[in-house]
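There are structures below to look over.
Paired with chain B in one complex and with chain C in the other, chain A is shared by the two complexes that follow.
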Partner chain A sequence: MIAFLQALILGLLIGAVYALMASGLTLIFGVMRVVNLAHGAFAILAAFLTWTLWSALGIDPLLSIPIVVVAMFVIGWLTYQGTVRFVRGSHMSTSVLLTFGIGLLLEGIMGFIWGNRSHTARTGYTDASLQIGDMFLPVAQLISAGIAVIVIVLLWLVLSRTWQGRAIRAASVNDSAAKIVGVNAQKVSAFTFGLGIATLGAGGAMIAVIYPFVPGQHDQWIARLLAIVVLGGLGSLPGAVIGALIVGVGESMATAYIGAAWPVAIPFLVIFIVLLVRPQGIMGTRLREDAVA
Partner chain B sequence: MSAMNQPLGQTWVQKATGPVLWKWIGRALLVVGAVVLVLFPLSPSMSAQNTVILALVFAISASGLNIITGYAGYLSLGQGAFLGIGAYTGAILSRAFPDVSPFAWVPIGGVVAAIFAVLLGLVTYRTRGAAFVIITIAFTLLVQFIARNWDPVTNGSTGITLPLPDWPRELGNWPFHLVLVALLAASLLMSWWIRRTKFGTGLIAIREDEGKAGTIGINAPVYKLLAFGLSTIFVGMAGAVYGYYLTYVDPIGMFAIMQSLLIVLAVILGGRGSLWGPVLGAFLLIPINDWANTVFSGGNFRLVILGALLVLLILLLPAGVLPSLEKLRDRLHTRGTVGLSGKRLDFDAAITTAPVSRPVDPDKPLLEVRGLVKSFGANRAVDGATFTVPEGSITALIGPNGSGKTTVFNLISGVMTPDAGEIVFDGKPIGRTAPWTRAHHGIGRTFQITRLFKEMTVLENVVAPLRDFEFRQLGSGAVSGAEAKRAEELLHFVGVAEYKDVPAHALSYGQQKLVELAQVLILEPKLIMLDEPAGGINPTLIERMGELIRELNRQGTTFLLVEHNMPFVLGLCDPIRVLARGAVIAEGSPDAIQKDPLVLDAYLGDDFMLEGESKTQSVPTLGEGER
Partner chain C sequence: MRKPALIRSTVAVAALAAGALALGGCAADAPSGDGSTTETITIGTSLPLTGDFSQGGENTLQGYEVWKAIVNENGGLLGQQVEFNVVDDGSDQNTIVSDYNYLIGEAKVDLVLGSQSSRLNIAASAIAEREGYVYICPSCASPDMFNRGFSMIFFSQQATAAEQGTAFAEWILGLPDDQRPATAAYPALDDPFSAPVAAGVQAILEEAGIETVYSDVYPEDLTNFDTIATAVRDSGAELVVQGAQFQDGVNFVRSLNRVGYAPKILYQSSSPTYGEQYLEGVGAENAEGVFFSASYTAYADTPGNAEFLAKYHELYGDQDPPEDAADGYAAAQVLQAAVEAVGSIDDQQALADWLHSNTVQTILGPISWNADGTPNGVFLIGQWQGGTAQIVFPAEAATTDTVISTWRG
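Moving on to the complex of A and B:
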C-alpha cells in the first residue's frame, strides 16, 4: 500500500512538470495547427541554459527559471518569425517536417556546444528527501511540481484575463473570424509560440535538476509530450494537464510494478491506444469539418 | 509574339506536344543513369560502392514511401521501421536456419513488412493529418522497444550477427548490388503502374480531399490499406538485403527515427508524388550523409547538416527538385502564350446529349428522412428532421442560416453519422453505411464551397468518381477510352469542355461548381443533392445552372437542393421543405410556402413577396436568411 501511494505521489509530482511542458505544445497546436516536433529539443536546450547559469554563475537552477523563461520566450518568438511563419496555412506535413528539422538542428548545435555526455545540475537538495511516514518525497520534485502548478495557473490567467490571451483563444477557435475582428494572426501566433516555448523552458529548468540529460534525448521527450497531448486532446490545455498526470502516474507505476525498461514504452502505448479508441482525446471535441476550408 | 494571336485554348495542347526534345533528353539521361548504376561495382573504390548500395536501399524505401506520402498524402515518419522489420526478419530466420543463404529470406522480409504495414493501416484507418504522423513515430519507437526487449527472438540490445557472404571473394558486392537494383526496378515499376491506374487516381483524390473522395464512391480505407502494404513490400525486401550486407542488425541502428528521416528527406528533396523524384533524392542525399559521417565523423555535424537541409528545403523548395525543374521547363515553354482564365464560358453547346434516362414514379418517395438528430456538443444542429423527396422531383430544402441544412446534407451523404433517426433511400435504410456505399447506391452531392481535387486536371476530376467497388477495377487505366469520352461529353454539357486539361485550382469558383456537377453526373446518380448551386456565382451562370437542373430532371434524375436564392428556388423547385432549428416546420408547393405564416416568421420575413412570375429569374436575392 505504501509502495503504491509512493508511486502514485511520485507520478503526480512528475506529472505536474510534464503538464507544464506539454501545455506549450498543445497551445501552439491549438492556435496554429502546428505540431511542434522541436518541442523536446527546446526542453533540452532550456535544461542546458539552466545548467550553464548554475555551473558558470552559480545561480540555483530553480531560481534561474525567470531568466530561462525570458530567454526561451525570445528563442521561441525568433523561431516563429524566422521559420514557422512561412509555413502557416500549408499542409500539416510541412510544419511537422519543418519543426522536426529544427529539432535535429538544435540537437546538433547543443552537441557542439555542450558535448554529448550526460549533464545534471547537482544542487544541495538534488538527493534530499522529505520523509512522511514511510514515504520519501524528493525535495527537488516537490519544489518543481509546486512551481509547475504556479506557472500553469499563471498561463491560464494570461489566457483568460488579458487581451493577448483572449486573442490567442479567439485565434484557436476560429482563425479567420479572429482576423476579421482585428486580431493580427501573425503577431498572436508569434506570441503564442514564444509563450509555449517559455513555459516549456520552465519545465526544462526543472529537468536540469531532476534528470540527467543529453542532447540526443529529445525524441524521447517529444514522444512523451506527444502522448500527453494526444491523450488530453490536441489543442486542449485542461486535457494536457490531465494527460500529463495520467502519463506521469503510468510511468511511475510501470517502474514500480513491471520493470525499469517499461516506462519508456508507456508513451507509445498511450498514443496507440488513444488514437484507436478515442482519436479526439479526453478533452478534444469533434467539430463539423466542412464549415471552414 | 505570334503566340498572342493563337486561338484561345491551344496553350495546353501546345504544352502537351511541344517538349519532345525534353522527353528525349530525359530518356537519354535515364538510360545513362541506369547503365552506370547497374555496372557500378566495377568501380575500384569500395567506399563509393558502399555509398551506392546504401543509396539503393534508401531509394527503394523512398520510392515506397512516395506511394503513401506522395500519392495518398499521408506523411509517415515510420518508413525506416519497415526497413528494420525486413532486416530483422532476415536476421532472425538466418539465425534459425544457418544452412540457408540469407538471400532466401528476402521475399519473406517483404511480406512481413507488408503485414506490419497493413496492421498499422488497420489501426490508423480513422486517423489523419497530425495524428497519423504521431502514430508513425510511436510505431517506430514501439517496434524498437520490442526488438530491444524480446530477448529470445531478437537477442535484445545486442542484436543479431548474420553470416558472412558465402560467395567467392572476386564477386565482391555484385550479388548485393544486383539484387538491390532489381528491387529498385520492381519498386519503380509498381509506382509507375499505380500512378496510371484508377488506384493511383483514387490515392491522389484521398490526398487532395479524403472526405470528398468518399462522396464520389472512393472506398478510402481499402485504398489506404493497399497503399500501406504496397509501399513497404519492397522496402522489407531491401531491409533483408541490407541486414545481410551489414552482417549485423541491432535495435538502435535499425529503428532510429533518423533512418525514417533520411527516407522522408529523400522523397521531399527529389519531389513527392513524382516517379523519379524519390530516387534522385536518395542518390543526392546519401552521399551527403556519408560525407558528413566520414569526413566530420558524423554525430553533431551530420545532425546539423540534415536538420538544416530539411528546414531549408521546406522553406525554399517545398515541391522538391524534379517538380521544380518541370515547372521551370513548362514556364519556358508557355512563355508568351495566353491562358484560358479570362475567357467567357462557352454555352453554344445546347443541351443535347442526354446523359441518362430513367422512368420515374412520382408517388414513390426516393429518399425518406425520419427523425434525424445530430448534435455538436450541446448544439442540436439537426433536431428531429423528417421529410421525403419524391422520385422525379426537384425538392428544395430552405431555411435560415444555421437551421441545419448542410448538416442534413452531410448526414444523407454519409459525411457524418446521425445520432438518431433513419435515412431510407430507394427502399433501403442507408443511415449507417459509408459515404462511398451511398454513392454506389446512387446518391451524388456537391458542396457549398466547391471541393474539387485541386492538383488534378478538370478531366481527371470528372473521371475520378467510381460507381462501385471491385478489386479488378483498381488496375484499369486512370483515364480510359469510353469513360474519358463520357467525361468530355459531360464537360461539354455543363459548358466547360475547353478547360479539360487545366488543373482544377485554376478555374473560377463558378466554373468549379459546374465541374463539380459534371463530376457528380458521371456517377449517374438517382438523386443529386446540390448545396447552394446558385451561391456566389454570376446571374448568367445561375440561369445556366437552372437549365441544367431542369434538363436532367426531365430525363429522370431527382434533385434535392439547398439554396438561399428565393426566386431561383421558387421558380425551379416543387415541393419545398422549410427547415428551422433543425426540424422541418413547413412543406408544400412554392405558392403555399410563400404564404405560410410560420415560414414568413422563421425565414422569409413578413415583407417578403415576389412580383409576378419569376421562373428562373435571377434578380437580386431577397430573403437572405439572417432576418
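Moving on to the complex of A and C:
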C-alpha cells in the first residue's frame, strides 16, 4: 500500500508540472488550430534562461519564474508575429512543418549560445525531500507542483474572468463569429501564442531544477506533451490537466509495477488507445466535419 | 487566398530549415571536397554534437582537435597537414549512416575516425567495413560491435564493455567477509554499452554468491528516476552497480538522495568520468566514494600524455580533460601509428593488417587487438576522492593507495 501511494504521489507531483507545460500547447491549438511542435524546444529554452539567471546572477530558479514567464511571453509573441501568423488558416500540415522547423532552429540556437553540454541548476533543495512515514516527497517537485497549480489557476482566471480571456475562448470556438463581434483575431492569436509559451516558461524553469538538460532533449518533451493534450482533448485546458496527471501517474506506476523500460512508452500507448476509443479525448468535443470554423 | 499563404509558409519553412542547418553546421570544419590533395590529409568523422550524446561527442571532438594541433605543429602526417571533415549526426543512428556514406562516397576523405557511443559506432562501422576503410572507434565497447565478422574495426580503449568492471568486481570479492556486500542492485541504461558493463559485473558477483535483489533496464529518454530509486531502496541492496552514460547517472544519484537511500557501495559505469560536469550535476559531496570504470587518468605516465595535457589546457582551459577527449586522442594516435608505420594512406587493408600485428603506445597505455578488433588490456577503476578522480585499480596504474570503502565516505 505504501509503495502504491508513493508511486501515486510521485506521479501526481510530476503530472502537475506536465499539466503546466501542456496547458500552453492545448491553448495554442484551441485558438489557432496550430500544433506547436516547437513547444518542447521552448521549454528547454526556458530552462536555459532560468539556468543563466541562476548561474550569472544567483537568482533561485523558482523565484526567477516571473522573469522567465515574461521573457517567454515576449519570445512567443515575436515568434508568432514573425512566423506562425503567416500559416494561420492554412492546412494543419503547414503549421506542423513550420513549428517542427522552429524547434530545430531553437535547438541550434541554444546549442550555439550555451553549447550542447548538460546543464542543471543545482540548488539546496534539488535533492531534498520531506519524509512522511515511509514515504518521501521531493521538495523540488513539491514546490513546482504548487507553483503549477497557482499558474494554472491564474490562467483559468484570465480565460474566464477577463475580456481578453473571453476573446480567446470566443476565437477558439468560432473564429469567424468572434471577428463579427469585434474580436481582433490576429491580436488574440498573438496574445494566445505568447500566453501559451509563457505558461510553458514556468514549466521550463522547473525543469532546470529537477533534471539536467541539453538542447536536443526537446523531442522527448514534445512527444509527452502531445500525448497529454490528445488524451485530454485538443483545446481543452481541464482536459490537459487531467491528461497530464494521468500520464504522470501512468509513468510512475508503470515503472513501479511493470518495469523501468515502460514509462517512456506510456505516452505513446496513451495516444494509441485514446485515438481508438475516444478520438476527441477525455474532455474534447467532437465537431461535425461539415461545420464552418 | 490560400496560394499566397502557402507560398509564404513554404518560404518561411525553407528559411527556417536553412537557418537550422547553418547553425547545426557551425561546429564542422569546412568540407575538403576532394579529400586527397598534395597538401593535406583529410580525416572524416561523424560525431553526436547535438542530441542525447552531445556531451560525449563534444568531448571526443576536443580530443581529435588536440591531436590535430599537435600533429600539424610537428610537421603533419606523412609530411602533410591534417584536416578534419566533421559532421553532426545528432545522436541518431540513421543520420550517422548517411554521414559516413557522404564522407567516404562523396567527400572522399582519405581516412576516417569513429564516433562516440557504441550505439552510433555499430551503425557507422558497417559503412566503413563495406567501403574497406579502417575504422578506429574511441568508444564502442559493446559486444555487438565485434560479433559481425568485421576485420577493419579497432576499439582504441583497453577492454570491451563486459570486461570494464572486472577489476571492480574482483575488488568486491576480495573484501573481508564483514565488509563484502551480500546484496546488489543493477539498474542499467538500455544501451549497447551501458547494459553490458552492469551485466558483466553482475555475472561475476552472482557466481560468487552475491544476491541480485534488483535488476532492470531503463530507456535513454527516462528523466525521472525517483521510482527506480525507490525500488532500489526497497530492495535493500548494499551495492548498486549502474550501467549509465551521463545524465541518467546524475539523475539516479539525485533520486537516491531524494528517497533518502545510500547503498554502502556505488558504482557507475560512465557518468563519473565527465569530471567537473559530474561534480556539478550530483554535488561534490555525493561524488565522494563513487567507483567508475575509466580508460584514462590525467596522472598517468603514458607516452604522449604530458603533451596531450599541455595542448588540451592551451585549447580548452585548466580543467582535466574528460575521458572522451582522451579516448578521441588515443584513437587518433592509433590511426597515426598505423599510417606512419605503413608509410601510406592509400592502402586501407595494409593499415588494418599492421594494427592486427602490432601494439600501439597511447596515452591510455599500450593497446593491441584481436582478429575481431577487440582490444587486449585491463581497464582502470577509478574513484572520486576529495573532489579528484583517482585511479584505484589495478595497482600498477593506481594514482592513490587509498580506497574509500563506502559511498559518501
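FYI, the second predicted complex is superposed on the first by the 292 of 293 C-alpha atoms of A that agree within 3 Å, B and C clash if a C-alpha of one lies under 4 Å from a C-alpha of the other, contacts with A are read in each partner's own complex, and residues count from 1 in each chain.
Everything that follows uses one rule, which is that contacts are C-beta pairs under 8 Å (C-beta built on N, C-alpha and C of every residue); 3 or more make two chains touch, one makes a residue touch a chain.
Just so we're clear, the structure is a prediction, and the values are computed from it rather than from any experiment.
A.B. asks: Would chain B and chain C fit next to each other on chain A once aligned, or clash?
C.D. replies: Aligned on chain A, chain B and chain C clash with each other.
A.B. asks: Does chain B (first) or chain C (second) touch A:138, or do both, or does neither?
C.D. replies: second
A.B. asks: Just chain B (first), just chain C (second), both, or neither: which does A:263 touch?
C.D. replies: A:263 contacts chain C only, not chain B.
A.B. asks: Applying the touch criterion given at the start, work out whether A:98 contacts chain B, chain C, both or neither, answering first, second, both or neither.
C.D. replies: So A:98 meets both chain B and chain C here.
A.B. asks: Name the contact category of A:272: first (chain B only), second (chain C only), both, or neither.
C.D. replies: first
A.B. asks: According to the stated criteria, A:89 is in contact with first (chain B), second (chain C), both, or neither; which is it?
C.D. replies: After superposition on chain A, A:89 lies in contact with chain C alone.
A.B. asks: Which partner does A:109 contact after superposing on A: first (chain B), second (chain C), both, neither?
C.D. replies: both
A.B. asks: Output check: A:60 vs chain B and chain C. Expected answer is one of first, second, both, neither. What do you get?
C.D. replies: neither
A.B. asks: By the touch definition above, which chain A residues appear in both interfaces, chain B in one complex and chain C in the other?
C.D. replies: In the superposed arrangement, which is not itself an observed complex, chain A uses residues 83, 86-87, 90, 94, 97-98, 101-102, 104-105, 107-109, 111-112, 116, 215, 261, 264-265 for both chain B and chain C.
A.B. asks: Hey, which residues of chain A end up touching chain B in the complex?
C.D. replies: Chain A reaches chain B through residues 29, 33, 35, 83, 86-87, 90-94, 96-98, 100-109, 111-112, 116, 215, 219, 222-223, 226-227, 230, 234, 261, 264-265, 267-269, 271-272, 275-276, 279, 285-290, 293.
A.B. asks: Inside the complex, what are the residues of chain A that reach chain C?
C.D. replies: Interface residues on chain A, with respect to chain C: 3, 6-7, 10, 14, 83, 86-87, 89-90, 94, 97-98, 101-102, 104-105, 107-109, 111-112, 115-118, 120, 122, 126-129, 131, 136, 138, 210-212, 214-217, 220, 251-252, 255-256, 259-261, 263-265.
A.B. asks: Show me the residue ranges of chain B that touch chain A in the complex, using the header's touch definition.
C.D. replies: Residues in contact with chain A: 69, 73, 75, 77, 123-124, 126-127, 129-131, 133-135, 137-139, 141-142, 145, 148-149, 211, 257, 261, 264, 268, 299-311, 314-315, 318, 376-377, 381, 406-407, 410, 415-416, 447-449, 451.
A.B. asks: Which residues, counting only chain C, touch chain A once they are in their complex?
C.D. replies: Chain C reaches chain A through residues 2, 5-6, 8-9, 12-13, 16-17, 19-20, 22-24, 26, 49-52, 54-55, 57-58, 90-91, 187, 190, 216-219, 221-224, 226-228, 230-231, 234, 246-247, 250-251, 254, 257-260, 277, 280-281, 283, 286.
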